[in-house]
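Have a look at the structure below before the remarks.
Letters A, B, C and D name the chains as they come in the text, with residue numbers starting at 1 for each one.
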Amino acid sequence: MTAIPADARPTDDESVRRQLDETWRQTPGLWGWLTSVDHKSIGKRYIVTAMVFFVLGGLEAGVMRAQLARPENSVLGPDAYNQFFTMHGMTMMFLFAVPVMTAVGLYLVPLMIGARNVAFPRLNAYGYWVYLAGGLFLYISFFLNTGPDTGWFSYVPLAGPEFSPGKRVDVYAQSITFTEIAALVAAVELIVTIFKNRAPGMTLNRMPLFVWAMLVQAFMVLFAMPWVATVTQLLAMDRLVATHFFNPAEGGDALLWQHLFWFFGHPEVYIILTPGLGFVSMIVATFTRRPVYGYPAMVLSLLSVGFLSFGLWVHHMFATGLPQLGQSFFTAASMMITIPSGIQIFCWIATIWAGRPRFGVPFLFVLGFVVIFVIGGVTGVMVASVAFDQQVHDSYFVVAHFHYVLIGGAVFPLLGAFYYWFPKITGRMLSERLGRWNFWLLFVGVNLTFFPMHQLGLEGMPRRVYTYLAGTGWGPLNLLATIGAVLVVVGVLLFVINVAVSLRRGALAGDDPWGADTLEWATSSPPPPYNFAHIPVVEGRAPLWEQPGELPAVSGLRTDVRDVLVTTLLDARPDSLHRHPPPTIWPLLTAIATTILFVTLIFTPWGAVIGTPLLLLTLLGWGWPHGRDHQEQRMVEQTG
Amino acid sequence: MPLTLASTLVQQAHTSLNPASPQVRLVDQLGTAMFVTAAVVCLLVFAALLWAALRRRSGAEPVADGRQERPMKTAVLLATGVTTVILFVFLIFDVSVGRSITTNPGNDALQIRVTGHQWWWEVQYRDSLPKNWATTANEIHVPVGRPVVFELRSTDVIHSFWPPNLSPKRDQIPGNENSLWFQADSAGVYRGQCAEFCGHQHAKMAFLVVAEPADQFEGWLARQRDTAQTPTDSLARRGKDVFMAASCVMCHAISGTSAGSRIGPDLTHLASRRTLAAGTLPNTRENLTGWIVDPQAIKPGVKMPPNQLSGPELLALVAYLETLK
Amino acid sequence: MCSHYRENGGAAGQRGSAAKHLSVLLIVLALSGCKREERDFHGLPAGGTITNPKVREVPFVAGGSVPADSRPGPYEENAYAVSQGKTLYNQFNCSGCHFQGGGGIGPPLMDADWIYGSRPENIYETIAEGRPNGMPSFGRKIVPDQIWQIAAYVRSMSGLLRKDVAPGRDDAMQVRPQEQSTQKAKPVQSGIPKSAELP
Amino acid sequence: MRSTRIVADVARLPRTVFGHRSLMWWGTIGFIVIEGSTLFICVASYFYLRRNFSTWPPEHVFRPGLLIPTIQAGLMLLSNIPMVSADRASRRMDIRGVRIGFLVCSALAVIMTVLRWFEFQSLNVRWDSNAYGSVAWATLTAHGTLLLLETAETMAFTVLLFKGPLEERDLAGASDNALYWYFMTGVWIPLYVVVFLSPSIM
């Protein structure tokens, strides 16, 4: 990669930039960090936090693999093991996978669509703080031996008041509420940003595929997350104030939990996958130096995946004895979703075929993604079959299946995305050499860990067991899986080392080290606080390839206040100007009030009496107008 | 190792890959067909990917001309079409298998009620006359070649009944009665395990299904209906007294005696069973003793408490329990 | 098992913050959380499984294992043990005489009156030794550990335990408010009521 | 950073826009979707649990009282009159109209919050009596949080409108507040029908 120094190109008017920098930059110091409303600053800390949770979740998995390495092992007892597997699932689902995808989206989407920030910068900050509070709450509880121990799905009655005494499941319910609030505000954030803040000329059908993916993901979050947020509140009420939602003796229903949970839980998988598909499209285009084949098909596939994912939830409940006919409907729907996923795979392969790929590390991860994801996909078709699923449901076959899907569909594209966008975020390249090692260790490790689990499941090994008897003969394959897990750990360790070393010593990246086509590569690396000195105008799907020289842009945004351009929904015609708020501490205070409310509520209903006024007060502080701008905004006449 | 059955035997006795009923055989055929197709699909996709990626490693810069569009379009459409066809065939196959394994078992079927408890299985053979009921635990005997309908219940949390050689699983949900049926093809001892996470000892909540010829089964059932034998030798008689005076009697039933509690497994014919602690230990004298003294060492979290009995008491108690054939 | 967490909790506290008082606070929190959340399977090692088959070849272990804690009221702060006590209370049919705490053949358990004292060891003694006028002795039939669990639960019925320790509702018919919502009633040593005296 | 050539100037674009042209409007719609989903889930659970009972309300449970809930529903509907007038006034930049509308709505919101307390009592069942009581209470509570939030926001807005200093875009904010008000009061009507009327009908 030839790194082009940032100053080798002619620059815009220096004074404009200086003033923009003055207006948009974060206040220095710790205070600045706490009050920042910059999507890049928040996106970075979001990504880092999510990666820390990824490592924690991975370590939990490592300890579990150690326990299962041989029959009747004694690394973890049943009580600790149950907390470990629950923490692993919750961490990966709620604290890593969804947040990290959202975080990358929050960082990249404004840059990709030529915006200066997300639509609601303070809400963005609030979302991060709530997410962080939820993660800390869960992990502090875990260290206090109050880690949830009924699985990330926490089926009642096991998770109900009678069979899970103490506060462990309340921690489960409430920490989910934190992360769902964070995910929901981020979804609103992304949708409005994508709808209303696109660069002039970036019509919907010129949006980069990653932006499409984030848009679809945000809509799925918007419609899926309220279900889990609500159902966990119902559970908390059953446990704390003795409601009877799930008590069959008083007209409640254990299956109500499963329906409500999986109506969220299945889209959740696609919420995690969809941004990954977006990453892949971007990397494929750049590394084959041609636009991804079949843009309309790709977009329609994303949309139909998003839509169909809401019709599959019952396939998690095939063993509950629902009527056969209804189940076949869900089999059909589950199989149907394979088609749009398949179309995307075929389009990428066609694109690679037509181009001349460069085998950079991001591209390696894309190849790895296709292999692992396709294996997870075909086993997904198998478990969509009612009869077959009733055999392998809740066995290690399913464990193998969804790890293939999630690691293939989310972790590999994510790591590819890291190698791809790291230069943009930090200004430095990650080491390709370490990257190759990282890739191959992970690729071999993941397959070694999870492939034997298919066989274990068919042999009858159930999920969520803390041990197994020697006589079952499951020992050797489990040992193999544990060896694979060691490789995965080493692979992830290499990645961490690569990031740590490259942050300081990596080669300078320049604006556009890969020769890519989307707008984020038009600004410097790392981008300035205001992203673009002039908002670019877009005339096609690959603006940087279509405009090799100067980019067209608009002028007229004020540089002394945080002006952003609002465009129309479909055609992205400039429509109005909007002023963004300066840095503020209120989102953090509101998040603290939220935390006080949620945490005290699981100990006493009086928590509402303490927490609600605090929350309303902080919201008032947030919403109350500060720093009136007398120059621009016409004061409304004070009519008597 | 606790399970002293030869390990290969158990492997064969607890796997969906060794079908022992028409139900599982059908599902196995479906699974095999899907597996083979899936493997072929995977290999084709990988081959296409590798070819696409590697074919021009050392070629010239690609020419972005219209000639590429046509083959790409054809290939993508073809692949999508093939995918759709495969899925459609799978769907038909799945629905037909689903219908066959859920057909009506017929009137001749044997009814067995299996109730999941944390962490053991209560097994009840019901009859129109309640005196003919037989209750046992963790070991289900079925006649070969006759449909058996299982009434699946739970009194605490959700469990899932899964003998992989004989039947796909079905959840036992409190408040929602479920059922399934299968028919064992050949005599043998099969193993099953709870498949829905149910708390601390989900891992050690197994059971055996003993499929035997009809006459043998009827003989077994008749013996299970009997009340417990009254011990004859003095040690066992003393053991019975220990049982009735100690904490055992609070949770366990032995028919024909004053012990009638249904909290733990029915022990009327304990000694006739092959395993202890829900398929965890072979039913030997040593294991039984160890289990009574400290069940928490074998299944941490299990509901049975460690028992403080003196040496002679324990000896007598075990001797008594061993008479419960 | 809990001590393992205790160490973890403490260590996390110290790493998390330089401020000493914060780590002290965390340890205090850890201890209270720990007591509440402990799953006491009788102080077994983490694995909890006898992997050495020899252990089971010894046919007699006189005396068996010792209860984890023989201090009075070992489970006053342990939600798991209290809930076990509740299960046992129901399974051993204590309701047969005391009904759902409202009293019937036996005296009510959810009010403030205590004939033989409200301290855990009083209740232990009542269950283990029995009392005149009908309460049988269960000392032989219920192991001490379980008696302590039941005693702790009985105390929760009149709100004598912390609210975060007392049980919630059962998956059963709602016959009375859940224990964790029961207001603490100041125990009164009432002595034997007239009605309970033998004629 | 790529160099740019200026092709257009946007300085003259308006800074105060209403309805779907404004960012806040879209944000409000987003939260309406989220909260609408939550209420939908409550109603879905209501009918799901309904199947477990042979009579509705269950035996030994009185039907909910209708007087106060009906007054409340009527009030919710009527409250849209001042809110619509405030919304229209804001689009005309008629600050006086907005003030009057918000003042009236603040008063109504306080009354509605107090009425909500009596609505809970009108249910004639406790939340811990049975699943019917649980889901009825949960639905009322879920909507109650919206009511509480909207009351607080409307009152805060009213104070701002009278105290100032005001900018044009605050009026756009008032219009967005009105949008949320329409949702909060509008969504109550089906909930009222489900929770209070349906036990008498079904």
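Before moving on, here are some points about what is shown:
Here is the rule we use: a residue touches a chain if its C-beta (ideal position, glycine included) is under 8 Å from a C-beta of that chain, and two chains touch if they have at least 3 such contacts.
Please read these numbers as outputs of a predicted model, since none were measured by experiment.
The most distant chain from chain C is D, comparing centres defined as mean Cα coordinates. Each chain gets one centre point, the mean of its Cα atoms, and the points for chain B and chain D are 52 Å apart. Inter-chain spacing, taken between the CA centroids of chain A and chain B, is 38 Å.
Averaged C-alpha coordinates put the centre of chain A at 30 Å from the centre of chain D.
Here the spacing of chain A and chain C, counted between their Cα centres, is 43 Å.
Shown for chain B are the residues in touch with two or more other chains, namely 1-2, 174, 200, 300-301. Annotation for chain A: residues touching 2 or more other chains are 72, 77-79, 157, 163, 238, 241-242, 244, 247-250, 252-253, 467. Within chain C, residues 39, 41, 44, 48-49, 169, 171, 174, 177-178 each touch two or more of the remaining chains. If each chain is drawn as a node and touching chains are joined, the picture fits none of the line, ring, star or complete shapes. In summary, the structure contains touching chain pairs A-B, A-C, A-D, B-C, C-D.
Note for the complex: chain C touches chain D at residues 169, 174, 177-178. Against chain A, the residues of chain D that register as touching in their complex are 1-17, 20-23, 26-27, 30-31, 33-35, 37-38, 41-42, 44-45, 48-49, 52-53, 58, 93, 95-96, 127-135, 137-138, 142, 148-149, 152-153, 156, 160, 164-171.
Looking at the complex, you find that chain B touches chain C at residues 1-2, 174, 200, 245-247, 249-251, 261, 263, 285-287, 289-290, 293-294, 296-298, 300-301, 305-311, 314-315, 318. Per the touch definition, chain A reaches chain D in the complex via residues 6, 9-12, 119-120, 123, 184, 187-188, 191-192, 195-197, 200, 222-223, 225-227, 229-231, 233-234, 237-238, 241-245, 247-248, 250-253, 256, 259-260, 511, 522-524, 528, 532-537, 544, 550-558, 565-566, 568-569, 574-579, 612, 616, 619-620, 623-625, 628-629, 632-639. Residues of chain A that touch chain C in their complex: 72-80, 140-141, 143-146, 157, 160-163, 165-168, 238-242, 244, 246-250, 467, 603-604.
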